[in-house]
């Protein structure tokens, strides 16, 4: 079975919140000292044309949104507080939004403002070698003709969306910027199913191991998978609520034409949650099977001990009997007495074995405990 | 007990969704290479007459719905992407609907559009030999005077409905096409009860086995049945919600006259869910009984060991005593000393057995452990 | 403890539903071949007078309801499909209502129509000998001045109501027919408390047995009672919903004067459900106690084995020592050496026993395991 | 630990309900034959003056409420059916209210009528010696200027309220009769906290016992406390609902000035419920600890057995070896052979003990099992 | 592992409530005799200036709120009943509010009055040495231009807020007093995350200990942490409801500009609750692992016993055989017979060990039980 490094509990605390309203700070578990500079990729598009470029901090100073075109600004690396504040100033983001973007340990949520809506989501990665999950925060700001996305690392997760944007006459270019936001959400949810499939396969492997050769390692793996499923659930439940409130669509940032697509993503999260619950049920059930196998094993060990004791005790008694020092004892003087005694011992042991065999004790205990204790 | 093949976890992931909006693909676990061509059966009927025919792909090109007659189009084999897109074009289905029809791993759901409603349901098959369930997706599109049904395989599940349609003066012919949709839903829910009955009977057999002769096989069977019940629940809970929202009937695709029938199907799903929960409760309870039986068995094994030890230890001690090499020991010189010693051993063993018998230890342990450890 | 026959799972499936809309059939587990003919008792009453008679099938043909009098028609034996259809025709019942009356495995429900409301309820019988529950379906149709009741068997359950009707100047005669329906519902719910009391007493007896002398039989009884409580819950939860929707009273079949009485029945079902949950909690708790007692017993068996081993092993070692064949050994030549050796064995055993006694091992293990293992 | 008498399950069934609408009967578990006569204490008060007296049945006949004064009528002993009916007639109570007052096994509830509201509550008493709870029904009828309270026994529970009434210029005298009703409810809820504190202390004692010296008695005590907590919950949950519906105050029997007080009582019940749930959680957790301790004990018993076996078996083998009858054996002829053999046995045993000691087996098993098996 | 002092159950009962409406008393677990006098710190501020001073009881007598400035009055030490009543009189607080401030065992709640809202919250402290949590009640009264805060002890928890107030041109000075209330709530919730982080780290350490070297101490620690998490949940769940009802903001004490900040605190409590549930899940899972480890250990002990028994029994039998007193036995007369016998014993033991080794019994049982029983 796989090795589990001693799992490190996620830092749970949004640190220094009180202090950060006036002066927000980056909160996250990435070591920010050796990081490459954050990169800002800007895509300006409409049905007719698309312009892609990478912005520098200096470019930002003179940046002005073009009201006639649709804008997608994607930022890798949210540890640069000044940069985020600068972007926040351009798009007039609320200080709390900037704080939330910088604080990368948030749960998925939606905040609605007059000119934009702000979404927090998480992207998950599952490592099958260590059976552990890591996640990354992705923040979205959707205005009437712009979409801002903020990620911690450059993962290339949105490259397929860019590809579709580049294709001329693509539906995505013609539709409003809310459809682009849908595509981003869809690719995030899509990623969850990758994770779920990996977890499902690990769970399945574990189940087979458990039914053939249970050991204490499987117990730890069950524990580990349970942990991953708890983390996934913590991320997806609130995302479902977020999507649900987007569908109710009170502020009108999503157009009616995009609604069926949003409902589709929503259905996927529901589907995901149910599959996850089903995996959790299976894990609980596997825990029961493990405990039952252990109990079964105690039985088999005991039986082995009982069988051995029963086989040897009568023979030992017989040797004791013929080892007594009475003057007058039968068989002792006889030439074949010794062999008669041995025969008696052997006969009793054989009869015992026959009884055990008829009760199916022997075949399943003494000689095959570890190989087939199913 | 039955054999369980190592269960294969269902593919949980609606693959390539992002990509599929522009170009939908078939998602499912049927090997599509050797499949027969999909068949499209068309039934055009009204109260007066009924016309049945099988359409080819070529027929579809020239197909035009007749607005005065009720149309039922049933498609076997949803792996033919082009065909489904062609049908989608004729009935002006939303691209997401076509994608959902092709993706056969969806959960039951309802999507309402202006001109039709789209329903996803699942048909279940339970194999009592392997104690495992398989399911197939059935998609319904109900318009104002047409019903489309899409299945993966030709299972003949809807043949009884066709029979009723063919009968002249049948109520089903006179009523609107929504009544036909009800009949399809009813036959699907009806099938669930077949599955439930089989599962219930397996659970009952298992319970009897558990009360008479528990073994580790029963544990695996319980696990297997739990798994089936989880899958069934995952399919029927959302179906209940679907039916519930049909009853609220906001779009008016179902006529008031059909409502009592829909409520009836809804009641059946509620009934199904409760029976299922009751089976699940019973399975949990059986798990407890299994664990208790195991614990009981440990007891009996231990008792067997204790009884044997108690029977032989005193006798062995006596042989040891008379085997000591003291010069001056009683009985040794006596002619019958040996028999006196044997008698002593036998008496102690008999007294012990009597004590055990009075405490009901022996009858239930040494001689009958495996046959009647109830 | 009582004997439990191998329980037969209820047939869960409302069979042949699809077929039965056009031609309803009887569904139930009564053997209909040897049954007496169904009996129809008719009671026509108002405040002034009451007329009772038994109708035959022929009478039904010419039956006409009297709009000025209140009518109660009670049918024993719902397996006569033609009769039920005939009654259905007289009172203009919906085909689904007739189907539901004939299908005796329904869950309690309410269906509201324009001219009447249709109620399904279940009557429970608990057999304390087998610790199993049986139930019977009772269907009610309440119109503006008639009440129809349908039962499978003649059980005399409604006789007290008839008695009250026969009394002149009884409140029940003056009030509308909805009060009569309340009386029927009340007598059904009342019956549940009989069952609950029996189950509660069995549970109590079981608990006492468990605290004094637990055995594997108690485990089966707990399982059996759990099963009964699941069945009861399945029947009463929906009944509570039915009563709740009657109290909301949207169709006006129940008069305001009857409302406090309905609320009273509703309170009783809530009370029933809570008592039932409390019994279920107790049963779970008893399961825990059983498992703990088993674990306790393993302990005592082990202790018995350990005590015996500890008592005999030193003595056996001593006999072994004096049985060695060294030429030069102490005590062997001495006249009382043998008795010294016996004394040594006895002393060690006595000291051991003293140690065990001080640790309260002996009193609770070897000599009293089965009688007082509390 | 305390002794638990075999607990008597509460009579759960409101008996003879059907019969009792016309002629209500007393339902309760008090033996009514030897009871003192019921006493009716009447308090007539307003801000200026207060008149207290005890009414006899005869007084009741001529009793007339004074519309200008606030009236509190308290009845001890609800088994006197005629008396209750007489009071019911004076205040025009609904027959079902009278039935509910007489039936002392009701769950807390509220019934609103045009001229009064009717409340059922329960008063709890906890006996720490037997760890069992008893309860008594207290019925309240609150009209616009009168309050009726009905108790089974004279417990003096309302004496403090009377004291406050007697004080001149007390707020309670100036406010309306609804404030008096609040005081009664408050004193009832207050009493619950007494019970809760006792249960909490018993639970705490139990926990300490469990951590220091677990035995099967603690298991029964846990079971007993669980039972009490179930009974308390059954009484307080519905009371919370009752108070909640009083706060919503649709009928206006409670004045706005009394509302903050009612909310205060409501908060107390919520607080109570949460504390109770916390005790229940602790009890479940204690059950787990008990099971783990048992499992721990099995381990220690087994270890004791293993240690003893390991210490004696090698020595016994050595005696066996030197007890063999070979002609040519070493040591046997030597003068100190015997002591060499003894030394060998002793050395092996010592080495074994050293190994066990290094693994911390001995210190915790053989010599200290019962005193410190923590 | 850490030592747990025998935990003292919190006093659960708001004592003498009935009595306290007229004359409120202090309820809490602080010994009030040796306490320093309560201190009242007053901060009067607006955007332009800020005045801080400490009030004495005498100052209070002449105290008058300044309607043009924002006032924050913080009281340390709520055991001084007269003082609290005096403050209550100045700000016209409801008697129940004063009672609630004095009763320091309340659950978090909100009470809305016409001129102010009253909030109860709790501050938590976690002691990692004893793994136990203590808490302190903090009461807030928020009027239109004043904020009162009441604490039991001077903990300096609000000092950072004061610092921010003292900074000139701080946002907090410009905004209304409701923003100050938000800061207080925020600093309280922030503190919870400190506690959560400590609990999380203890839980993590415990988990590692459990996977490497489980002992009964870990069981007690799990129990202890469960207890802390129950207490935390009891405090934070109602706080979440309080914040939720503040967000719905029916009385308008919180300005729209403060709303996003309140929602932010609300999100933090939700986040906290989910992290806490996740820790609770982990603790349950750890309990399972502990039980499984215990079961595993029983297995290993049994195996050790079985292995020892199997190694010695055959050898002992052989010594018995050659110790029999037959006249005619093979090997006995032979010079090397003794060594042949020893060789036979040794060979059998070696073969047994080989079999055990191949089945991986020995390496994991006899020689390494305590060091690597993973």
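By written order: A, B, C, D and E. Residues from 1 in each chain.
In the analysis below, a contact is a pair of C-beta atoms (placed from the backbone, for glycine too) under 8 Å apart; a residue touches a chain by one contact, two chains touch by 3 or more.
Model, not experiment: these values are computed from the prediction.
Chains that count as touching both chain D and chain E, per the definition above, do not exist in this structure. The chains in contact with chain C as well as with chain D do not exist; no chain meets both.
By the residue-number overlap criterion, the interface of chain B with chain C counts as different, with under half of its numbers used by both chains.
Mean C-alpha positions place chain A and chain B at a centre distance of 27 Å. Look at where the CA atoms of chain C average out and do the same for chain E: the two points lie 43 Å apart.
Counting only residues that touch two or more partner chains, chain E has 291, 295, 298, 302, 305, 309, 316, 320, 323-325, 329.
Shown here, the protein chains touch around one cycle, each chain meeting exactly two partners. Chain contact summary for the complex, chain E toward chain D: residues 6-9, 11-15, 17-19, 21-22, 94, 96, 100, 106-107, 109, 111, 216, 219-220, 223, 226-227, 230-231, 234, 287, 290-291, 294-295, 297-298, 301-302, 304-305, 308-309, 312, 315-316, 319-320, 322-325, 329, 331-338, 341-342, 369-371. Taken in their complex, chain C has these residues touching chain D: 160-161, 164, 170-171, 183, 186-187, 190, 193-194, 196-197, 200-201, 203-204, 207-208, 211, 260-261, 263-264, 267-268, 270-271, 274-275, 278, 281-282, 285, 288-289, 291-293, 295-296, 298-299, 302-303, 305-306, 309-310, 313-314, 316-317, 320-321, 323-330, 359-361, 374.
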